[in-house]
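You will see chain A twice below: alongside chain B first, and alongside chain C after that.
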Partner chain A sequence: MFKEMTFALYAIKKNIQNSTELRVSFLLTVVGMAINNGAFIATWIFFTQSVGEINGWQIADVVSLNGFVAISYGIMFSLFVGIRRLPQYISDGVFDRFLLSPKSVLVRVATSSFHASAVGDVLFGLICFGAYIYLAGMTIPQFLLSILLLGNAIGMFFAVSVIAYSAGFYFTDGFSVTYSIFDLFMTPTLFHGGIFHGAMRFVFTFIVPSLVVGALPAEILKSVSFFQAVQLTGIVCIWICGALLFFHRSVKRYESANFMTFGR
Partner chain B sequence: MKKLRLAGKIITTLIKDQWHYRSRLIADLVLMFVRCGILLVLYSYVFRLKGDVIHGANFVTVAWSIFFYFALSTLRLRDVARLIMQDVQSGAVETIFTKPISYIFYRMMWQIGAGISSFVVAFIAGSVALLFFVGAPETMFVGIFVPSFIITFFAAVVLNLILYVIIGFISFWIEDINPIFWLVDKTIMILGGAFFPVALFPDFLYKMAIWSPFGAAQFITHTVNASWQYQWYMLVGMQIMWICVAGFILFWVSKRAQKRVSINGG
Partner chain C sequence: MKPIIQVKNLTKEFTFPVKKASVGWVKNFIKPQKRTVVAVNDVSFSVGAGERIAFIGPNGAGKSTTIKMLTGILHPTHGSIDIMGFDPVQNRKKLAYHIGTVFGQRSQLLPNLPLTDSLEFFGVMYDMPDRDIKERISELVTLFELEDFIDQPVRKLSLGQRMRAEVAASLMHRPRIILLDEPTVGLDVVAKKRLRELLLKINAEQGTTIFLTSHDVGDIELLCDRTIVIHHGMLIKDLPTKDLAHTFVFEKYIDLISQDAFVQFPDLPQGVRYLTKEKEKISIAVDINNISITQALTKILLLFDVQDVDVYDADLETVIRHIYEKA
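Up next is the complex of A and B:
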C-alpha cells in the first residue's frame, strides 16, 4: 500500500512537471477554466435573484455548492485524470502496458496523465470558498467540517469516475457511452440544491449520487451537522468499495487489441 | 452544384456512420433526454412552488425553451472548433488545403453530418413527449410560428458554425484554443438559456441576449415566448446581421490563417 502511494505521488509529480513545461499555455488554461466555471455560478445566482429563495437556499449556498464541486472535481481530475482516458486506453490497446506493470493497475491508470485545466477548477473553488466566507462567514467547526466534506466529495468523484469509465470494458465504442454515464452524474452536481425534493432528492443522493458532492455538503456546512457528515462518509465509502469491485471485475473482460506497437 | 454534391455526400456518409455505430447515437439521445428531463422536472417543482407563473412566464413556455436549447445542442456544432484545432495541431489541415474544396465548408458540413441523426431523432421524440406531457405554448398556434421558427433555426445553425469556426481558426496563432472556446461556449450557454431559461432573465441579461451574437446564436429559445409574434422579424434581422458580421470576420481570419500555412513545410 505504501509503495503504491509513493509511486502515485512520484507519477503525479512527473505529470505536473510535464504539464508546466509550457508555462503560458498552462496559465492560460488554468485561468480560462476558472472563468469558464463562473458561468455556472452566474446562472444559478441569476436564477436565485429572479425566482427568489427556494427551500432556504440563498446565494451563499449556491457559492458554497460551486466551491465543493469545483475543488473536488479539480483535485480528482488534475491528479487522477487517467481514469477518464480508460475507454481510450481500452480501445487503442494501450491498456496492455498497465496490465504488464507490477504496480496496481488502477493506480497506474489513474496517475497516467495530468489535466492542467482542472487546476483552474481548484482555483475557482478556492475563490468560491473565499466568497462564501465573505457572504456567510465560517467558524472553526465549519472549517473542519468543510475539509471532511471535501474529502467525501473527492471520494465520490473517484468512485463514480471509476464506475463510469470502467463501463468502457463492456462497449465497443466505449468513449461516448462512458462520457454519457459520467455526464448523467456530473450535470446535476451544479444545479441549485433547493430545487431537488422528494423522489428527485432520493434518486440523486442514492442512485445517481450527484447531490453528495455539492448540494448536501453545502447544506451540512450551513447547518453544521457532524452527524450528517458522518452519514455522508458512510455513503461515500460504500460507493468506493463498489467502484473498486466493479473495476477489478471489469478488467477481467479486457482482451488485448493485439497491436504491434505494445501500447504507446 | 459541385459544392451541394459534396455536402450531400459528407452528410449521408456520416449519417450511415452514426446508424452503424448506434451506441454513440443512443448515448447522445439518452444524455439529451436525461439532462433536459431533470431540468424540466426541477422547473415544474419551482413553478408549483411559486404559483405557476414567474416573470409572466408559465412552465409550458420554459419547458419548450429549454428543450429547444438542448435539441440544438445535439447537433454538436461547437465541436467544429476542436476539430479545426486538431487539424491544425496534427497537420491534417495542410492536406485538406491542397484539395480542390473549401476547408471551412468541408468542416461545417462534416459537423452537421455528425450530429444530424441525433438531432432529428431527439427533436421529433422530444417534441412528441413535450406535447403529450406538458402541452404546447400559445405562440405555437400563431400562424407565423412555423415559418419564423424554421428561419431562426437555420440562422442559428449558420451563426453557431461561423462563431465556432472562428474560434477554431485561432489555433493557427495560439497552441491551445480551449480557454477561448470555454469562454465563448459558456457565454452562449448562459445567453441561450440552457439552465436558466430566457423567459426568466432579468432585464440587463435579456438585453445582452438580444444584442450580442452569442445570444443570437440561440434565438430559437425565444420562439416560444409570448413576445415572439411581435419581435420575430427584429430578432431574425439581428441574426442575419450577426451572420454577416461574423461571416466577414471569418473570411478575414481564414485568409490570414491560410498565409501562415506552408504546405509540406511545417
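Up next is the complex of A and C:
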C-alpha cells in the first residue's frame, strides 16, 4: 500500500512536469478555465440576487457550492484524469501498458495523465472560498469541516468516475456511453441546492450522488454539523468500495486492441 | 534444465456480436448473433533460460495474442502458462518484476520529458532504490549508446532512437525475459542492425531470454536460434532457425553463368524449371522431391555451356513466404 502511494505521488509529479514542459499552453489553459468558471458563477449570483433566497439558500451558499464542486472536480481531473481517458485507453489498447506494470492497475490508470485546465477549476474554487469567507465568514471548526467535506467530494468524484468510465469495458465504443453516464452525475452537482426536495433529494443523494459533492457540503458547512459530515463520509466510503469492486470485475472483460499509439 | 516459460494447450477465443443481414435492425440491436473466433488454438511450447526465440506467423496468426497472454494482459480461455513459476493471470504484478516488454507500435515513455526521466520512472515503478536507479541508467546509457539524446524530450527522438530507448526502459529492472512484439517495425536498416546487436549483447552478457515476434527476416535469421511458427492460431512448427529452409522448402536453386552467351533455352528435365532466362545467367529451381540435385546438375550441364555454377538453398524470406502460403 505504501509503495503504491509513493509511486502514485511520484507519477503525479512526473505528469505535472510532463504537462508544464509546454509552459504557454499550460498557463493559457489554467487561466482560461478560471475565467470561464467565473462567468458561470456570475450568472448564478445575478440569478440569486434577482429571485432572493430559495429554501434558505443565499448567495454565500451558491458560492460555497461552486467552491466545493470546482476544487474537488479540479483536483480529481487534474491529478487523476487518467480515469476519464479510460474508454480511450481501452479502445486503443493503451490499457495494455497498465497491465504490464507491477503496480495497481487503477493507480497506474488514474495517475497516467495530468490535465492542466482542471488546475483552473481548483484556482476558481479557491477564489469561491475566498468570496465565501468575505460574504459569510468562516470559523476554525468550519474550516476543518470544509477540509473533510472536500475530501468527501473528491472521493465521490473518484468513485463515480471509476464506475462511469469503467463502463467502457462493456461497450465497443464506450466514449459516448461513459461520458453520458458521467454527465448524468455531473450536471446536477452545480444546480442550486434549494431546488432539491423529497424524492428528488433522495435520488440525487443515494442513486445519482450529485448532491454529495456540492449542495450537501454547502449546507453542512453552513449548519456546522460534524455528524452529518461523518454520515456523508460513510456514503462516500460505500461508493468508493463499490467503484473498486466494479473496476476490478470490469478489467477481466478487457480484450486489448492493436491501434498504433504514441505517448498516450 | 527447467524451462523458464512453459505453455500448455493454450487457447484464446474472442466472442463478438455480428449483424445478421436477414433480420431487421431492431432484432440485431436487441438480440445480436454472436460469433466466436479462436485466435490461439491449443498451443504448447517451452523456452529455456537464455534462449532466443522467434515467434512468427502471418498477420492474424495469433502472435500478439499469445504474447499478451504470456504477459497477463489477456486471460486464456483454456490452457496454462508458467513463467518462472508464476501464472500470469494469478500473479500478473509479481511476474512484471521479472519480465520486460516492448511493443513496437506502442510507446511506454513520457513524451514531453527527457529520456532520463522515463528511465527513472521505470526504476521507481519497479521499486528500485535511488542509487540503483542512477547506476542502472548509467549502465543502460552506455550499453545502448543513449548519450547523444538522453536529455532530449522523447517526442523529439527519431524512431530508431526511440526504439532503443524503449528497449532500454524495459530492461531497467533487469528482467530475465524480454518479450518484444515487432520491435523493428518501421526502422531503417541501420537502426534495425543496431537494435539486433544490442539484443544479442544483452542475451550474451546478461543471459536475458529473448522472445520476439517479427515479420522481419533479419530479426529471425540474425537474432534467433529457434523459431516457432504459428498460423491460424495453431503451432505448426518449432525448430532451430537454421533448419527452417530444409523443413519447409523442397527446392534448391542453381545459377548458371554462361561461357559466352546463352542463346537457346531447351526444355529442362522433369522436376527442374527455369526461374530466369538471360544471356549471361540462367536461374533454375530443382524440386528435390522429384530429382536429386546431383542428377539435376548432371543433366543440366549437358544442355548448357557454362563458365560457373552456383547451387544454393532458398533464402529465409522465400522460406517464410512458403510457410505462410502453404500452411
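Things to note:
Keep in mind that, in the parts below, the second predicted complex is superposed on the first by the 257 of 264 C-alpha atoms of A that agree within 3 Å, B and C clash if a C-alpha of one lies under 4 Å from a C-alpha of the other, contacts with A are read in each partner's own complex, and residues count from 1 in each chain.
What we mean here is this: a contact is a pair of C-beta atoms (placed from the backbone, for glycine too) under 8 Å apart; a residue touches a chain by one contact, two chains touch by 3 or more.
Predicted model, so just to flag it, every value in this text is computed and none were measured.
With both structures placed on the common chain, the touch criterion links A:136 to neither chain B nor chain C. Contacts of A:96 after superposition on the shared chain: chain C is touched, whereas chain B is not. In the superposition on chain A, contact of A:10 is made with chain C only, not with chain B. After overlaying the two complexes on the shared chain, residue contacts for A:126 are found with neither chain B nor chain C.
Of the two partner chains, chain B is the only one touched by A:33; chain C is not. Comparing chain C and chain B on the residues of chain A they touch gives the larger count to B. In the superposed pair of complexes, A:184 makes contact with chain B only, with no contact to chain C. Residues 22 of chain A lie in contact with chain B in one complex and with chain C in the other. Taken in their complex, chain A has these residues touching chain B: 22, 25, 28-29, 31-33, 35-36, 38-40, 42-44, 46-47, 49-52, 54, 117, 171-173, 176-177, 179-180, 183-184, 187-188, 191-192, 195-197, 200. Note for the complex: chain C touches chain A at residues 14, 64, 68, 71-75, 92-94, 96-97, 101, 103, 105-113, 117, 121, 124-127, 153-155. Touching chain C in their complex are the following residues of chain A: 3, 7, 10-11, 14, 17-19, 21-22, 93-94, 96-97, 99-104, 252, 254-256, 258, 260-263.
Those residues of chain B that touch chain A in the shared complex are 21, 23-24, 27-28, 30-31, 34-35, 38-39, 41-43, 45-46, 49-50, 54-55, 174-176, 178-180, 182-183, 185-187, 189-190, 194-196, 200-202, 205.
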